[in-house]
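Chain lettering (A, B, C and D) follows the sequence in which the chains are written, and residue indices restart at 1 in each chain.
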Amino acid sequence: MMVTTDRRGQGSGSTRRRIPSLLALLMVLALLAAACVGGEAAQSTDGEGDQAAAAGGDEGGGGGDVGTFVHALGGEPTTGVDPAAVSAGSYGDRVVIQVYEFLVDIAPDGPDLLPMLATEVPTQENGLVSEDGLTYTFPIREGITFHDGTDLTADDVKYSWDRVITMDLPEGQAGTLTEIVESTRVVDDLTFEVTLTEPAAWFLTSVVNSVPAAVVSQDAVEENGGVAAGEPNEFMRDNAVGTGPHQLVSWQRNEQMTFERFEDYWGEPAALDARWEVVVDDAATVLGLRGGDFDLVEPVPQFIPEVEGDENIVIDESGFLLEPLHLAFNLRIPEEAMPEGDTIPPDFFHDARVRRAFNYAFDYEAFIQAGLGGQGAPATYLPPALLGYDPDAPKYEQDLAEAERLFREAGWWDEGFTVSVLVEAGNPTFSPVGLILKDSLEALNPNFNVNVVEVAEAQFDEAHAQDPFEYPMWIKNGDPFRDPHQLMFTYFHPDGPWGQTLGYREGYEDPDQIAELIEEAGRSTDVEERERLYGELLRLLHDDPMWIWAADEANVQIYRDEVQDFVYNPLWIMPRWRYYDKG
Amino acid sequence: MHALRVRLRRLARLSRAVLRNPSASAGLVVIVLMLLMAVFAPLLVEANTPDPYQMPRDWAAINAPPGTPGHPLGTTPEGGDVLYGIVWGSRLSVRLALTVASITLAVGITLGSLAGSIGGRWDEYIMRVVDVFMSIPELILALAIAGILGPSFRNIILALAVVGWTQYARVIRGEILKVKQKEYVDSARIIGETPLRVYLRNVLPNSLTPIIVIATLDMGKIVLVGATLSFIGLAETGLAEWGNVVSAGQQGVVAGRWWVATFGGAMVFLWALAFNMLGDGLRDVLDPRVEGR
Amino acid sequence: MSHTGPTTATLPVTEPGDRTAPLLSLRDLRVHFRTERGVVHAVDGVNLDIADGETVGLVGETGSGKTVTARSLIRLLPSPPAIYVGGQALFRPRTACGQCAGSGCAKCHGAGYVPEPCQVCAGAGCEGCQHTGRHTLDMLKVSGRVLRTIRGNNIAMIFQDPNKALNPNLSVRKQLAEVFSEHRAGELLRDAGLEHEAGALLRRSASGRSSFLERRTLDLGPLRSRHRRLEAVIDEHIAGALADTHVPNPKKIMHRFPHELSGGMKQRVMIALALACGPDLLIADEPTTALDVTIQARILDLIAELQERRRVAVLYISHDLSIVRQISDRVAVLYAGRLAEVGPTERLFEDPLHPYTRGLLAAIPAFGQRRGELVPIEGTVPELVDPPPCCRFHSRCPHAAPACRHVEPELHARPSIQSHEAACFLYEQADALGVDARDMPSMGESGPPAPRVGEPSADEEP
Amino acid sequence: MEIREYVVRRLLKLPLLLFLVSVLVFGLSRIGGSPIGIYLEHDMTHEQVVELEERFGLDESLPEQYVAWLGGLFRGDLGFSAVSAAPVATVLPEKLAASLELSVLAAFIAFGLGIGLGTFGGARRDRFADHATRVIAVSGASLPLFWFALLVLILFYLVLGWAPLGRSDPYLYGQIVHPTGLYSVDALLNGHWPAFVDAIRHLWLPALVLGYEGLATITRVMRSSLVDELQEDYVDLARSKGLPERFVIKRHARRNALMPTVTVMGVAFGLLLQGSVVVELIFQWPGLGRWIATAVLRGDQATIMAFVLVAAVIFLLANLAVDVAYAYLDRRVVLGE
C-alpha cells in the first residue's frame, strides 16, 4: 500500500493528486502518535530480533548476577556487526573486537604486539618479514574453532581478507586493506602470507589488527549468502561467527546484546558472560552504575563529579584518548574567502614565530580545568598510548613574555591583527579552546582580536570539508590512529592530506627534513629506530608547530569495584571483556 | 487638528487609568527599572572589551560560588561573571524585544490590512500562510529555523521575527472586517472619501486597541522564547544574555552549582511577569469586555 | 428614624390564632449594596403583605428596587455585595389540604392547600408565629437548608428573559427533572412503585444526586428496569407540568434544547418549571418584557389562568402599569427603594394619592388621549448612595415642601379606605410628625382635596 | 449528525494545510547549510562529496528534490538521523512513545487540575482561594519553563532527593518487554509492580513541570469564564429551584464555563509540545524534545524536519479534537465556518 501511494506521490506533479496520499502519510504519523508501534517498528529491521526480544525479555537485565559482565554503552551497532561492513568508529567495531579475532593482538600495556591467531608476531629478526619489508608470513595457530564449530585454517584468513576487499562496501573500512595489501596467499593449511604494495612499519598494528582484518568463518559465510562485490551480507550484519572468547547470542534492538562465553575457546576462556546494555541516557547510565546494574559505563565526563566519592565506583583516569585535540593553523587561506573583519594576510601563519607565539600565548592549565574538568595533561605531538611517545618530549606551556617577544619579532605586536577561529558550537570541550585562545591573546595585547566563530556541527563539517579551508584556524579533534605513522603522515607530513590542503610546505622551516623523517619512521620495521625517529619529530614539530595541541584528554573509565584486574589499552577500540572478572 | 486634540485627551485619560490599575502600574515600575538598568549598564558594571556583550571570563575562577570577591553572583563554567551577564543581558533583552516586536508588527499589520481590506483571493492566500505558521507551535518553529540557520543571537532574533507576525495579521484582519461593518465607515464612504483615507482615518485607529495589548504581552513573550532558545544553546557561548547564562549554569545544577541558572532565569521571569501584568492592565483599561484568555 | 412605629401601623390587626394572616409579609425590608462609590440603599424599608392566592403588582421605574425586593425574598442576591441590613421577610407556607389532599374542596376553597399551622403553638398563636398561628419563617434568616426546601417548592420565580434564564446546554427535560428530583424525590419513587424496593442508588438518582458513574451503573446493571420505570415517572411529571402551560406535545418538546424553542415556548417552559411543585408564592419578574407583544398577552393569560386554578399568590413585578392593572388585585408603587403607595388596583388607578403615582399614570398613554396631554415626570431617580432622610421624590415633586427635604414620610392609610396607603405628607398631620405646619406641603387647585385636619386616623399610633 | 459533517469538513481541510506545512518544512531545510553538511569529513575527496550530494539528490532541481523527499515520507523514509546514527523512522517511535508518556500525564495535570482549580477559584471569587489560584495563573504565563524546571530540579533532586533523573531504572527497564513503548503501561502489562513504581517515580516530576504552563492557562480561563457564567440568569434560576450550590456549579455554571476553556486547550496543547523540549532536556528524558534539541545544536536537518512535521501533525490533530469537543459541548454552536 505504501508503495502504491508513493508511486502516485512521485508520478504526478499535481497537488490535488498528491493530497490523498499525503493524508495517508498523516494517518501513518497519527498512528505513530498513538505510539502503539513503539516496539515493533524498532525491531522489524531484523529477522530474529523479535525472538531475541522474547528471549531477552524475561532473562534480560539480571544486573546483579555475578556471571555476567554488564557494559552500558550509548548506542548499538546501527550498521551491523559484519567486519566488512561496519564503519570506522561505529559501535559495530566494538562488537567485532569482542567476538572476532586477528592474527596479532595488542598487549594490555603499551603498544607492543602479541601473537593471537598467528603463533608469532612477524619481524625481520624471526624472518617472517621479508628483507624488503614487503612480505609478511603468519604461521596460524592449530586447533582453533569458530563459534560454528568449524576449524580455523589459513583459507579462512585469506577468505576473510579477500572477502572484505571484494565486497569493498563504501560504509565499511575496506580501504584499510586495499591501500596497502598487494596480494594474499595461502602457503599451506597453517600458513598465511601477505604482500604489501610498499614497506609499512604500521602494517601490523593498524592493518592486521584492524577491524576489517578480523577472521570470519568461511563456511558460515558461504552457507549464508557468500560474497558479492558491493553487496552487504544480511546474515553477517546481524550475526557473528568468529573465534573470539565471546559469542553473540541475542540482539534486542535498542535494548541489549547478550554474549556468552565461548566454551571451545583456544586460549584461556573468558571468565564471564557479557551483556551490552544500550543506554542512551547519561543520567540513567550513572544511576545504573550506582545501583550496581552496570559494571562498566562509557565515560561521560560531565558526570564524573556525580560518581566521585562513591566507594563502590572506580574512576580510572590513567589512559588517554587517541584523538588529538587540536587548534589547527591554515597556511593556505584563500584570499577572497578571508572571513569578514580578519586583518591578517593569507600567509600569516607561514611565519613559524607567529605559530609559536600562539602556542606560548595559550593558557593550557585553564583549558585542562575548564575544558576537560581536570581530566587531561599537557600534550606532546603524539598521544601517550602510541609507539614513540616520549614523556620528556618538549611541551608548550603558557609563557606570555615569550609570546610577546615572538610577536614583536614577527612584527605584529604594534600593528595587531584580527583573526577568526572556527569552532563547533555548544561543544563543552572545543569551545573553551577558542575562548581561552581569544582571552589569552586579547589580554596579551589589546591590538589582538580573535573572533570565535561558532557554528553547528553540520556547518562545521561542511566548512571543514572545503578545499581550501576558508578559515585561518579551527578547533577539533583528529582521528584515533593506532600507529604513529598514520598520525604523523596524515596531519604533519608536508605532502600528507593535511599538509597539502593547509599548505604546510610554505610553513615548515625545513619541510623536506620533516617529510624525510616521517617517511623513514613509517618504513622502518625496527621499533627502537622508529622510537628514535619519532622522538626527533616530536622536537621538530614542537619548534615548528602546525597546531596548538591543547591537551591530551584523559580516557576515563568508570566501573564498579567488583570488577577485578581491570585493564584497558586505548589502542583497543574499547575495553575487552575477556580480561575481566568479578568477585 | 481637533481630532488630534481629542486623541491626545483620550490618551491622557487612558494613561491615568492605566496608572490607577495596580497590576499595570506594578508592571510598569519593573519595566522602567529594567530599562534603567539597560541604559546605565556601563555605570553598573564596567563594559567588557572588545565585545561588551560577552561576559568577562576569569579562567582562574571558574564555577565560583556567589560572594567570591570580584564575582558577587558567582561565575559560569567558563569563568564568566554572572552579575555582568545579568546587567548587560537587560540590554540584549531590550534589543531582542524591540527588534522582533517592530518587525512582526510591521509585517503583521501590513499583511493583515491587505488581507482584511482587499479581501478576495489575496485574503485567502495570506490567511492560508497564517494557518500554516499557526499549525506549528511557535517555539518549535523558531527552534527549527534558528537551528537550521545556525547558533547565533542574530538568528534567534530572525527566527522569532519570522514566527511572530501571524497573530497581528489575524487580529488586524478581524478588526478590519468588524470595523468595515460599522455604519460610520459606510457614511464616510458616502461622503466620498477614498478607501485609503477611510482606512487610515477610521479602520486603523480602531484596530489598534487589541494590537497594543497583544504587543505589550508579546514584549514579554519574545524575551521568554528568545531566552528559551539561547538556553537550548542557540546563542554564542559566553554571550551576556539571560537565557544563555542559565544555559551555562544548567550542567552545574546537577553537580550542585545552583547559582548561575537561578539568577539568570529570575531576570527572564521578572521581565515576562512585568509585561504580562502591564498587558493585562492595559486590556482591562482598553476593553474590559475580554477578561482572561 | 423609628422603624417600629410604621411597622405596627401598617400591620392589619390580627387576633391570636388567626389563620388568615398573610402568606408573606415584608417588614421594613432593607437591602443595601456595597459599591466602591458607597453603600447603595437599593431597598430601604419596604413593608408589604401578600395574602394567599392574591396577586400583587409591584411597579416602579428601573432602579427603583423592584427586582432587588423580589430576589431578596429567596435570597438570590449575590452577597457580597448585597447586604440584608434589616427587616424581615416573613413567609407562611401552606400545606396540602387534609380533606382533599390537594384536589381542592370547600374547606380549602378549592385551593387544595391550607395554611400550615405553627409548629410551636399548633395554631394557638405564639411569639414565634407573631400570634398568627401560622408556621412562620423569616426568609432573611432561615438556614441554607430550609431556604433550599422553600425555593422552587414554596416560592418559585419566573425570570425576565427566558433566553437567558434557561440553561442553553441542558435539555428542557433535564432542567425540569431537577425540580422534581429536588423536592419530590419520595413522590417519584412512590409513583414508580419503588418506595420500598429502592436502594441507595435509585434513591440518589431519584433525588438527582447520582454521579456520572452511578448513572452508568444504573443504565447497565440489574437495576436497569427499575431505573427505567423511575425515568418514565419523571417523564410523566414533566409532561404534566408542560401540558399545564399548554406546551404542545410535551413528550417531544421536553427533549429539545432551549435554543430550539421559540421565545414564547421558552417562557411557558419556565412557567411550567416554576409551578412544577405547586408553589404558594410565584415571583414573576417582568415575565413578558423580553417577549414580543403578541405573545405577551398569551403569557399573561396563562399566568392569570394558572393563578386562578392553583390559587397561587403572585408577586408581579413590572414597570408596565397597564399590564399590572389588568393582572393584579393590589398594586404597590416603589420609588427609589421605598414604597410610595399601596392600594387595590382599581382604587389606585382611579384615584392615585402619591404625586409620583399620579406622575406615572399621567405618563402612560391611555385610549382616546392626545399626545400633548402626556406629562413626563421631570427629573430623574435620585442617587441611592447614602441618601439623607427625606422624601426621595421631593426633588421631582410639584408639591415639595421643607418637611419633604428633612423627614421621610411613612406609609399612611387614606382615611376613607384603610387598604389604600401612601407615603406622602399631603395626607399627614403636622403635629403627628412634629414639624412646623408651615413646612407642610399644600395641594394646589389641582389634585385631591386636602385631608381634613384633626380627623383621627384609625392607624394612628396609640 | 451535523457534528459528523463538521468533523469531515475539518478533516478535509487538514491535508491541504499539511501539504503547505511540508512545503514550509522542506523550504526551511534549504535555507540553511547544506543538508549533507553533517556527513562531510575534512579528508573527503571531491568525488566522495559529489557522490554524497547525488545520494541526497542535491544535484536535482528543488521541486524534484521536494517530490523525492515527499515520496520518501510515504515510504516511511523520514531520512537518516545523524544524531542517533539511525534512520529517523526507526528512532522516531521510541522517542515518540517516551514523549507521549510524559505529555499525556502532563496533559491530564494541565486540563484536569486546571479545570478543578479554575472552578475552585471562580466559585470563591475574591476570597483567599481565588487569589491563590490567580497567582498560579499569572505566574504560569511568565515563568520561563527552563528556569522553573531547573528550580524544581534543584529542590527535588539536589535538596530533597525525591526525584531521580532520566526515565527509568535501566535494570528494571530491562526486566520487562515493551509492547507499547510506554514504560508505565508496559510495566502494568507485564504485571511487573516494581517497574511500574519506578516508572511513576521518574514520571511525576517532569510531568508536573511540563503541565504547569498549560495548567496556568486553563486555570486562568476557567476561572474567569466561571465568574462570568455565575453572573448569568440561568444560574439564579437553578438556585431558585432549590438546588444546592455545588450542583448549581457542577451541572450549570461549570459545564458552560468549560466552553471558553476548551477553546484554549488547543493552545495549552501547543505549550505541552514545545515545553517538552526544555523539560526533557533538563530532566534528561529520552524523548522527542531532547532529541530535537541535540539535533538542532548539531544542525541535523533530517531530524529537525521530521520533528517539525510530527509536531505539526500532532498539533493539528489536537486542535481538530478540541474544535470537535467544542462543537459537542456547545449546543448553540452553528457548525461550519
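The rule is short, and it goes like this: contacts are C-beta pairs under 8 Å (C-beta built on N, C-alpha and C of every residue); 3 or more make two chains touch, one makes a residue touch a chain.
Keep in mind that this is a model prediction, so the values were computed, not measured.
Novice: Quick check: more C-beta contact pairs at C-D or at A-D?
Specialist: A-D
Novice: Measuring from the mean C-alpha position of chain B to the mean C-alpha position of chain C, what distance in angstrom results?
Specialist: Inter-chain centre distance comes to 56 Å.
Novice: So how far apart, in whole Å, are chain A and chain D when each is placed at the average of its C-alpha atoms?
Specialist: For chain A versus chain D, the centre distance works out to 38 Å.
Novice: Taking each chain's centre as the mean of its CA atoms, how far is chain A from chain C in angstrom?
Specialist: About 92 Å separates the centre of chain A from that of chain C.
Novice: So which bits of chain D are touching at least two other chains?
Specialist: Chain D, residues with two or more chain partners: 18, 32-33, 165, 296-297, 299, 301.
Novice: Could you list the positions in chain B whose residues touch two or more of the other chains?
Specialist: Residues 147, 150-151, 233, 254 of chain B each touch two or more of the other chains.
Novice: Residues touching two or more other chains, restricted to chain C: which are they?
Specialist: Expected reply: no residues.
Novice: Going by the touch rule stated at the top, which chains touch which?
Specialist: Listed in label order, the chain pairs in contact are A-B, A-D, B-D, C-D.
Novice: Over in the complex, which chain D residues touch chain A? Could you list them?
Specialist: Chain D reaches chain A through residues 14-16, 18-19, 22, 32-34, 36-44, 46, 49, 63, 67-68, 70-71, 73-76, 82, 84-86, 89-94, 96-97, 100, 164-182, 284, 286, 296-301, 309-310, 313-314, 317.
Novice: Quick check on the complex: what are the chain A residues that touch chain B?
Specialist: Those in contact with chain B are residues 302, 305-306, 363, 366, 369-370, 425-426, 428, 431-432, 435-436, 439, 442, 446, 449, 452, 454-456, 459.
Novice: Provide the residue numbers of chain B that touch chain D in the complex, in ascending order.
Specialist: 128-129, 131-133, 135-141, 143-151, 220, 224, 227-228, 231-234, 243, 246, 249-250, 253-254, 256, 258, 261-262, 264-266, 268-269, 272-273, 275-277, 280, 291-293
Novice: Using the touch definition up top, name the residues of chain A that touch chain D in the complex.
Specialist: Those residues of chain A that touch chain D are 2-3, 5-6, 9-10, 13, 15, 18-26, 28-30, 32-33, 35-39, 41-42, 45, 53-54, 57-58, 60-64, 72, 75, 78, 90, 254-256, 277, 279-285, 287-288, 291, 293-294, 425-426, 455-462, 464-465, 467, 469, 476, 490, 497-498, 501.
Novice: Could you please specify the touching residues of chain D with respect to chain B in the complex?
Specialist: So the residues of chain D in touch with chain B come to 17-18, 20-21, 24-25, 28-29, 31-33, 138-139, 141-148, 150-151, 153-154, 157-158, 165, 220-221, 223-225, 227-228, 260, 264, 270-271, 273-274, 277-278, 281-282, 292-293, 295-297, 299, 301, 304-305, 307-308, 311-312, 315-316, 319.
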